[in-house]
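Here the structure is laid out as structure tokens; the discussion comes afterwards.
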Amino acid sequence: MPGLEDLYREIILDHYRAPRNRGELASPPAVRAEGFNPLCGDEVVLYLDVEDGVVKDIKTAGRGCSISQASTSMLSAAVIGKPLDEVRQLTSAFKSMMSIHESNLENETETSQDEPGTVSSDGVRMGDLEALQGVVKFPVRIKCATLAWNTLTQGLDEAAN
Amino acid sequence: MPGLEDLYREIILDHYRAPRNRGELASPPAVRAEGFNPLCGDEVVLYLDVEDGVVKDIKTAGRGCSISQASTSMLSAAVIGKPLDEVRQLTSAFKSMMSIHESNLENETETSQDEPGTVSSDGVRMGDLEALQGVVKFPVRIKCATLAWNTLTQGLDEAAN
Amino acid sequence: MSTLAPKSDFPLLSREVHGKSLTYLDSAASAQKPEQVLRAMDDAYRTYYANVHRGVYTIAEEATQAFEAARRSVARFIHAERTSEVVFTQGTTASMNLLSYSWGSANLRDGDVVVISQMEHHANVVPWQMACERTGAELAWIPITSDGHLDLSGLESLLQRAKVISVTAVSNVLGTINDLAPLVTAAHDRNIPIFVDAAQSAPHQAIDVQALGADAIAFSAHKLLGPTGIGVLWARQSLLEAIPPFLGGGEMISDVRFDGFDAAPVPHKFGAGTPPIVEAVGLRAAIDYLSALGMDAVADHEHRLAAYAMDRLQSELGERIKIFGPSNPSERCGVISFELEAVHPHDVSQVLDEHGVCVRAGHHCAKPLMRILDVPATARASFYVYNEESDIDRLVAALDAAHRFFV
Amino acid sequence: MSTLAPKSDFPLLSREVHGKSLTYLDSAASAQKPEQVLRAMDDAYRTYYANVHRGVYTIAEEATQAFEAARRSVARFIHAERTSEVVFTQGTTASMNLLSYSWGSANLRDGDVVVISQMEHHANVVPWQMACERTGAELAWIPITSDGHLDLSGLESLLQRAKVISVTAVSNVLGTINDLAPLVTAAHDRNIPIFVDAAQSAPHQAIDVQALGADAIAFSAHKLLGPTGIGVLWARQSLLEAIPPFLGGGEMISDVRFDGFDAAPVPHKFGAGTPPIVEAVGLRAAIDYLSALGMDAVADHEHRLAAYAMDRLQSELGERIKIFGPSNPSERCGVISFELEAVHPHDVSQVLDEHGVCVRAGHHCAKPLMRILDVPATARASFYVYNEESDIDRLVAALDAAHRFFV
């Protein structure tokens, strides 16, 4: 049985207690993306200022559990100033760490049978984000961790249009 | 556990094999009443010739199991030539022998907890009809036995109008 | 200072979680089952299982008798006038849908109003929203007071074009025991029916549908020590007779022709298909179990635990906790929703689980109420016959630990 | 000359009736349950029971995993492309009603035609009669041949204004295994869907919904060694997404506001209310049990018993018995309906009960077919994995005795 310390690493609690990049950006020009987990009510709002293929600035809002809010904060710290291709790599590395199968005969929230992902297979450096790895041992909470990242993808797609 | 001989008394089988008063009466003037057991498909048709408060003639048709058809045959033999008040007494004596509760908190087909009825409490002479007493030990079949009598009541009500 | 029912009757309660003994405080979501219920069901499958109705052979007859005996048991439990007023469904949700489809299609028209309250479970909201979409009727919402009671001050105007009132007897979030009498009177003064969601009241207090005066009530077996897969709709015979059938199929017909069908008499008219046979046996065993405890004793026990819990939570956690719903414990069932300062309900529930304490976190299928309370979710502890004061002590200790962990 | 599954796995089969050992020949009405299924359910209630979805604590998570694992099990059993195409309902009847209400309301209009067959169970007749009443559509009936097969010679004209075909895979009266391929082709040539009542096929032969090509199928757990209270609707993802929700309530929403609701994604959109949780666990155990036997072996076993039964019944009872349905046993499942000369089916069943032999007597929820066969009722013997030749020998002997008794 995984223990609480696997889920609530110190760095996660730190991001939860002192979230980075909280605030708003005028939208437009920034893109505003909103993510919502209907099952638990978690809410994530991202303001993205994308210029010349780089995430120039990001602000976050929303409310929810420690995992969703810490994940949002960590995401903001991880992507700020990064070129879009790196951000996309990081996103897919993060999702693969969360081992979410989109395979048909598996349930959406199902975790893989293999060992939970360590550092991404593509060799992307995850940094602090690795602290969220423990979440995969708590399948119900995976959606909390991925909500911000799904919202980011949504926002970047919108920014691309 | 009651045995088959309780249900299928010799006299019942006799009425089943050689039903009395089979046939039709022109209607009108005779009243035609039809009864139907939706659960098992038993069907009883009675032609009643009621004159001056007396069942002058009765003919029967329909098809179904031995109990429903024997009961129809026995009914026809029991009521032919009888004044209506005697017929009504017999009907209620028969139904009480079948111990059907119409009480609200009991199920329609429920049998009583007391001993199954013997000769009717009103002292009505049941004659051959008593042979049908064994049916109460087979709750599923009670509706087969009472179908003809319910149809009779229906027919007599109609004749009274 | 003890449980009402022996804890040892409930096999699951002897389980451990994370090396801790289990403190099950989620009975409002679903109750644990006593041995007596599990054995009754197992025994049915092992000794007299067959499909019901129509079978002539011994086992089929025994199964039918057991199934119909369960219907009588339910009728007695809720003091129904007739057994035939008891319809078995899949649960409260299915019962409310039966009403919203069947009663709704026969009675709701464009511009009519369906009156519900702001504290309804989705099971008593969404079916009516759907019925409104189908018929052009509209919803009107009875508001709630800051103390978590129905606010009936504006009832007159809400009822202007009302065709039905459908309300919960007990809130599954606030624990509020609603006083339904004025609503019953108001409905009947206007010759409209009143339906009651009894999902949270049937398990916890005696119900007398005749004294209550409502026209229909719905509840689920699984919250009442019984199995999943079965629930009850009780409605007045005259109402059941007046409305059209809902689900079509076997058992609910008296004849099927190429050009149409005739419905069977009530209650079979609403019993399409093979019913939850063994579940009915389980429900009966649950009712027997509760009746032996006595429903008044059950209600008292829960009031006692609710009072103890509110007292302990407030005295131990003080400003750090906010409890929703009536401040007077005697106005509520054993359901307590709360917010722990700076800790999200999900995290509360997660940390409590580590202590073996099971509480629910979320919107409790009452999103409209969450909007009114202005929270995305709450944590909820709920008590039943197998709980006692020491369970609440463990809850309080675990909450204290959770708060320290996060703040 | 033996059962396919050990008889000792089925506790009920060791029971005696009237001092005789039991010969259970009514599996088409409902199957008996193996130990493995009963233990899986009992174990769920005893060790990991809680309401599913939304719960954060360990037991709720375990219950949710078990429930969703059952969905995957069903998906694999019928070779569904996606797990999300599997919807749990109360049974075949509820599944057909979901289609007739939800698909029907979105697709049927005045003058449209719904094509069914004369051998349908009421579960695939009455819901469509009701949908026709609501929408103004009409029923058209595929006739049957004298040998008990679908008569497709007039299909073209039946399909003129057709909006859907809904047929049974196997007749619960005649035992006929229908060749659905030409119907699937005809439906898809016209761009209309075809729904299949698989209540009598899913328990008895392998199903591959992708190979079958149908758009939806329905079946019940209780005929498939599983518990009462649960059934399955499988439908293509695109169909489930296109049609509106059926029952409203908790779990089937993604949001509920005062002015309306948003439905959850498939399959939860069709999962209103607390589902039959432990029943799903039981269904999974039943599927595991059948899969271990092998569905092809199950089908072979039944063909063998059907052939043996038809041979023995005809050779021992000769002119005294009339068997309905296909004369070639390889065209039928293990279901044999018959008429015993001069003995009403009810009396047949009653006398057989005295010999410990359980057969069903009645219209088998197929009144339109009874009208075509021109009988008020039939007696029906049906076989499953726990039956063997000696059961049929006892049936034949008891029928002989019944005939002597009455004639």
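Every chain is named by a letter (A, B, C and D) in the order it is written, and numbering of its residues begins at 1.
Methods note: contacts are C-beta pairs under 8 Å (C-beta built on N, C-alpha and C of every residue); 3 or more make two chains touch, one makes a residue touch a chain.
Since this is a predicted model, take the numbers as computed values, not measurements.
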Practice problem: State the chain with the largest centre-to-centre distance from chain A, centres being mean CA positions. | Solution: B
Quiz prompt | Pair exhibiting more inter-chain C-beta contacts, B-C or B-D | solution = B-D
Practice problem: Please compute the C-alpha centroid of chain B, do the same for chain C, then give the distance between them in whole Å. | Solution: 46
Quiz item: If you average the CA atoms of chain A and of chain C, how far apart do the two points sit, in angstrom?
Solution: 38
Quiz item: Can you give the whole-Å distance between the Cα centres of chain A and chain B?
Solution: 78
Quiz item: What residues in chain D touch two or more of the other chains?
Solution: 18, 54-56, 58, 253, 255, 346, 350, 361-362
Practice problem: Find every residue in chain B that makes contact with two or more other chains and list them. | Solution: 1, 39-40, 141
Self-check item: Residue numbers on chain C that touch chain D, as the complex places them
Solution: 11-12, 15, 17-18, 22, 24, 26, 29-30, 32-33, 38, 41-42, 45-51, 54-60, 90-94, 96-97, 100-101, 105, 121-123, 125-130, 139, 141, 220, 222, 227-230, 245, 247-253, 255-258, 260-261, 272-279, 346, 349-350, 352-353, 357-362, 365, 367-368, 371
Quiz item: Mind pulling up the chain C residues that touch chain A in the complex?
Solution: 18-19, 343-347, 350-351, 354, 361-363, 370, 376-377, 405-406
Quiz prompt | chain B-facing residues of chain C, complex | solution = 53-56, 58, 61, 64-65, 68, 71-72, 75-76, 80-84, 253-255, 264
Self-check item: Of all residues in chain B, those that touch chain C in their complex
Solution: 1, 36, 38-40, 104-108, 110, 139-141
Self-check item: Contact set on chain A toward chain C in their complex
Solution: 1, 3-4, 7-8, 13, 16-17, 39-43, 63-67, 69, 138, 141, 144
